[in-house]
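Next up: some structures, all given as structure tokens.
Shared chain: chain A. Partners: chain B in the first complex, chain C in the second.
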Partner chain A sequence: MIEGALWRRWVFYNIPLILFVFVLLFPFYWMIITTFRPDGELYRPWNAVNYMPFWTNNPTIEHILYLFEETNFMRWMLNTMMIAFVSTIISLFCGVLAGYALARLNFPYAGGLGTAIFVTYLVPQTLLFIPLAEIIRNFQLGDTPWSLILTYPTFLIPFCTWLMMGYFKAIPKELEECARIDGASRWKAMLYIVIPVAVPGILSSGIIAFTLSWNEFIYALVFLSSPDQKTVPVGVTSELIRGDVFFWGPLMAGALLGSIPVAIVYSFFVEHYVSGLTGSVKG
Partner chain B sequence: MAEVSIRKLNKMFDVTHVVKDVDLEIRDKEFVVLVGPSGCGKTTTLRMVAGLEAITSGQILIDDAVVNEVPPMDRDIAMVFQNYALYPHMSVAGNMAFGLKMRKFAKPEIETRIKRAAAILGIENLLERKPRQLSGGQRQRVALGRAIVRDPKVFLFDEPLSNLDAKLRVQMRVELKKLHERLGTTAIYVTHDQVEAMTLGDRVVVMKDGWVQQVGEPLELYNTPANRFVAGFIGSPAMNFIEATLAESGGAVVAEAPGLRLTLPGPQAARARAKAGRSVTLGIRPEDVHVATASDSPDLCFDSTVEVVEQLGSEILLDTRVGPATVVASVDPTMRIRSNDKLRLSLKPERLHLFDAETEVAI
Partner chain C sequence: MAATTLATAEGKRPSARLRRLEDERWLALVLLTPTAVLLGLFIAYPFVEGVLLSLSSARVGDPGQFVGLKNFYKIWNDSIFHTTVWNTFWYTGVTTVFKLALGLWLALLLNRHFRGKAIIRAFILLPFIIPTVLSTFAWKWMFDPTFSVINWTLFQLGLITTRINWLGDPDLAMTSIIVINIWRGVPFFAITLLAGLQTISPELHEAAAIDGARPWARFWHVTWPLLMPVTLVVVLFSVIQTFADFQLVYVMTGGGPANATHLFATYAYQLGIGTGLLSEGAAISLAMFPFLFIIVVAQLLYIRRVETR
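And now, the complex of A and B:
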């Protein structure tokens, strides 16, 4: 908190905070208001007398209905949810085990291996999708959910591994040593002591992994082609932008509905999430 | 109930040799304290006994069985860590039960044991709490309780009191001592605090740079230190050291230093005669230095200038200058002394220690 005169608090604290919140929330507001404005208002020219971009007096749910009746939106939601969920579970499982091994088993080159895993995370997807497309085709996985369930972990596992490695390193080694003296094997000590203590870290990497795969665009765009296999980001943009015609209402409705599950997941775990990112383990 | 033997124990971390040829026989029911400055290898030694650290060479035996390759879980030991290492997601009872559950004890048996240990430590009302809801002293008790319930062959303590404030530390020290007398379990205790070592240990092992310097009962270390390091490490305030040269004059052996000329008393003279002409270090504890009176032999008196007077209530510590050396003396609290006073000091002849200046071994 900034101390001192009132003007100082406004200049250095309140005003920047308000600006920041405004910049962050305005796109959401724009998304919401566009969803509920009728087409007549959306396509009204900017110099019309009754031009009113930030509010509507005639809210409508026609765009949402359009989304459900005229497109495969429900199907896309289910696809996205299933793909994000399964690839998150796979990545978490591998990431927790790999992170634990890198942080705690003192095998040769553990440090170098950890860095190498992280480097793979830094290779941009825009380069990787070309060779990956080849692989997907060879295994005949194209246009199936498996093409994404198996490719998302290529960037999610390094991410989870790295995050979990940091988290495991922050857990006092003595906890595990004590468990092992208490009669637990290394495996049991990990299962009963280290992993329960690491739950905030596991939740945070799970949430981030889930969001990353929920929002993923390139792989989904390249590997899926039939409309009923698509995920929300790809489905909304490919089916609701036809040529140079933007169906703004349904587009924004799709974006709004598509962001709700992620928002629910975040708000559900927010306390664990924050303590996971700040790495607080109290003995 | 167990004996622990450590034979020619060595530990290397890559190229650093941290534990060197440690030999130690710990008897059944004995409380042995490993003490030394940080980095002396005491904790590493303890961790090797626990099985948490691989042994480079040598042997560790518990009850005549070599345990070098036995994993920690099968050694039947319990360890109390410096940071307590309580499982943060379990209640106090859960913490204490964990070791028993791992060993597949029956539920009623676990409950009886927890109740008994909690009663011994006075933590019955804390059993449902989580570690973060406990104070430092309470956490310490829970950590002890977790060790007690297991009824192991050996207790290992790794600086268990150093995270407590000074007052609590003294109190827990007394309780630990009582606890050991009551349970009679063999215990190995690591500390850097020589007061803890002296008060708790049946025997004390002083270590430095990976070597065992001396093993003995507390008073043995205090009265007959094997070398200069042990002499300086044990006892508070620390022993005074004065660099001097030995000389023979008229049948007596004399230690000479700037501002000081002491005729060595009989027993020391006999041992030191062979070193005549060599450099030695004289050692005398502050409590064995006193203000000279008429009855003191002039052979053991020297002049000093008082530099600092420290009033401790029960005694006065005088920092005095004797030639280039500083000599601390503990004197009667009723004496009126101010800094810059000139004082004639004397010492108890039988309490004078001599160390070889080169090897630092006691003469």
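And now, the complex of A and C:
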């Protein structure tokens, strides 16, 4: 390589990289240390003599216990998991089929529809949340998981479709033609030949869709109202802050535990996640 | 092959309906129907509904009546809305520049072979995958004026002598929010740009080096132009997400102090859901649309131009 002497490598590469990693990960460390810090240490002003930011000698699990005993945290976790899972499945189903049609079939208005999908891909949730809240209420879906299961696909389907179009376009036409020559019908060839080849793409879209639904906030905030229907981000926000009082210990414990399912899914499929992410920005 | 046996088994008596799927147009229609139904019901319909709502005087529990452009006229003269527009552009502009610069730097740092690269790359993406609201609470706790670890650090380094009230002062609050957005966005830029960097053949760099190009010149004349298509798409996504952001501001300041840090979405939420002025909230949300539309069209045209060059 053209990197040169050892000191140059440290100054130009290693030290900046270490700084990046430190800054990017420090908030998570802060989350963890706060979760296990007893209240007495937690509410000690930063200019107190015995302020000890980076470590605690009296770790406690009282905040985690508070979360499970005094709030519906477990319920929020199950709600979020269920909503994320079902809306991901729906979006994958729609996205794979639509992606296949747009990438591999010739039909009138194919180009226009592709552009339409791309445009909806760019519609942010915050543009439509007020009329959508009205519609959800008119459909009698307010305060039910269905309000989210049916609306999350609006931002997940365009994403999945777009990603799957990329994967489907990369599969050679000959593969399908072989099966067709052997007598397979068009949709059989799709179902048994093309879609199996695109499984890595389906996995990538699914994982990203799952993390996106877990992350969604404004729809869940507006559509849900009763405490036992809430998702983790909304529940933590609305039930652990009373007026001006922040319950920082349980709040950080909730943030930590609420992040764990996403982190686990992510850690198992890092490569798929990354390839999905980079695939999503390919034109 | 499995498909052959399946096909012959099925091929004996294909029903009329299945045979119709042999026609590409019918198959496409069937495959696109679920998507069209869901997107029509929950994007196109709400969009129309939103336009109608913004032209009415609806409040919670009162359908209201048609009032024309009155709501838009009202927000046009609303000083909080002016602050909101300015904030949104400032927030989007500043964060995008920093995210691109830092993200590209991080991508260049990662675009080498070294031990532990896979692990570092996996960890770096954490800010992007952890739910925004949850990680923002960690930041809010770090910025808490009384218990701030950031104040402690700056004090220990001798940079400050008294406490800084991060979220109590309008400018500092905006800056804090900008910092968090950059923190969350840099990994996305870094990882996607890294993928772009990896498609650039090292031979080009070697050729430029042999021709005597210094590292900076190699970056500027080889890497940057070749990375342009990826950069543009990444920036497009980031700009739209940032412009329409809600979660960060909602958690950090809720638009305060004194409505000084509102973005379109948080102000629309405060008016539409908070105080129940549905029509005005919808109007503020929709006011994002022309800006987003211009950004998208401009970027798409530019991308097309770069790609055909």
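Here, the second predicted complex is superposed on the first by the 264 of 283 C-alpha atoms of A that agree within 3 Å, B and C clash if a C-alpha of one lies under 4 Å from a C-alpha of the other, contacts with A are read in each partner's own complex, and residues count from 1 in each chain.
Definition applied: contacts are C-beta pairs under 8 Å (C-beta built on N, C-alpha and C of every residue); 3 or more make two chains touch, one makes a residue touch a chain.
Remember, predicted model here, so these are calculated numbers, not experimental data.
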More chain A residues in contact [chain B versus chain C]: C
Touching partner for A:237 - first (chain B), second (chain C), both, neither: second
Chain B versus chain C as contact partner of A:175, first or second or both or neither: first
Which of chain B and chain C A:15 touches, first, second, both or neither: neither
First, second, both or neither for A:183, with chain B first and chain C second: both
Which superposed partner A:31 touches (first chain B, second chain C, both, neither): second
Partner chain in contact with A:192 - chain B first, chain C second, else both or neither: both
Contacts of A:215 with chain B and chain C, given as first, second, both or neither: second
Chain A residues contacted in one complex by chain B, in the other by chain C: 179, 182-185, 188, 192-193, 281-283
Interfacial residue positions of chain A with respect to chain B in the complex: 172, 174-175, 177-185, 188, 192-193, 196-197, 199, 281-283
Partner chain C, residues of chain A touching it in the complex: 1-3, 13, 16-17, 20-21, 23-25, 27-28, 30-31, 34, 42-47, 51, 53, 90, 93-95, 97-98, 100-102, 105-108, 110, 113, 117, 119-120, 122-135, 150-151, 153-154, 157-158, 161, 179, 182-190, 192-193, 211, 214-215, 217-218, 221-222, 232-233, 236-237, 246, 248, 251-252, 254-255, 258-259, 262-263, 266-267, 270, 273-274, 277-278, 280-283
Interface residues, chain B side, partner chain A - complex: 50-52, 71-73, 75, 77-79, 81-89, 98-99, 102-103, 131-132, 139, 146, 150
Chain C residues touching chain A - in the complex, by the definition given at the top: 1-4, 6-8, 10-11, 14, 18-19, 21-22, 24-25, 27-29, 31-32, 34-35, 38-39, 42-43, 45-47, 49-50, 53, 102, 105-106, 109-110, 112, 118, 120-127, 129-135, 137-139, 141-142, 144, 146-149, 151-153, 155, 163, 183, 186-188, 191-192, 195-196, 209, 215, 229-230, 233-234, 236-237, 240-241, 243-247, 250-251, 264-265, 268-269, 272-273, 278, 281-282, 285-286, 288-289, 292, 296, 303, 307
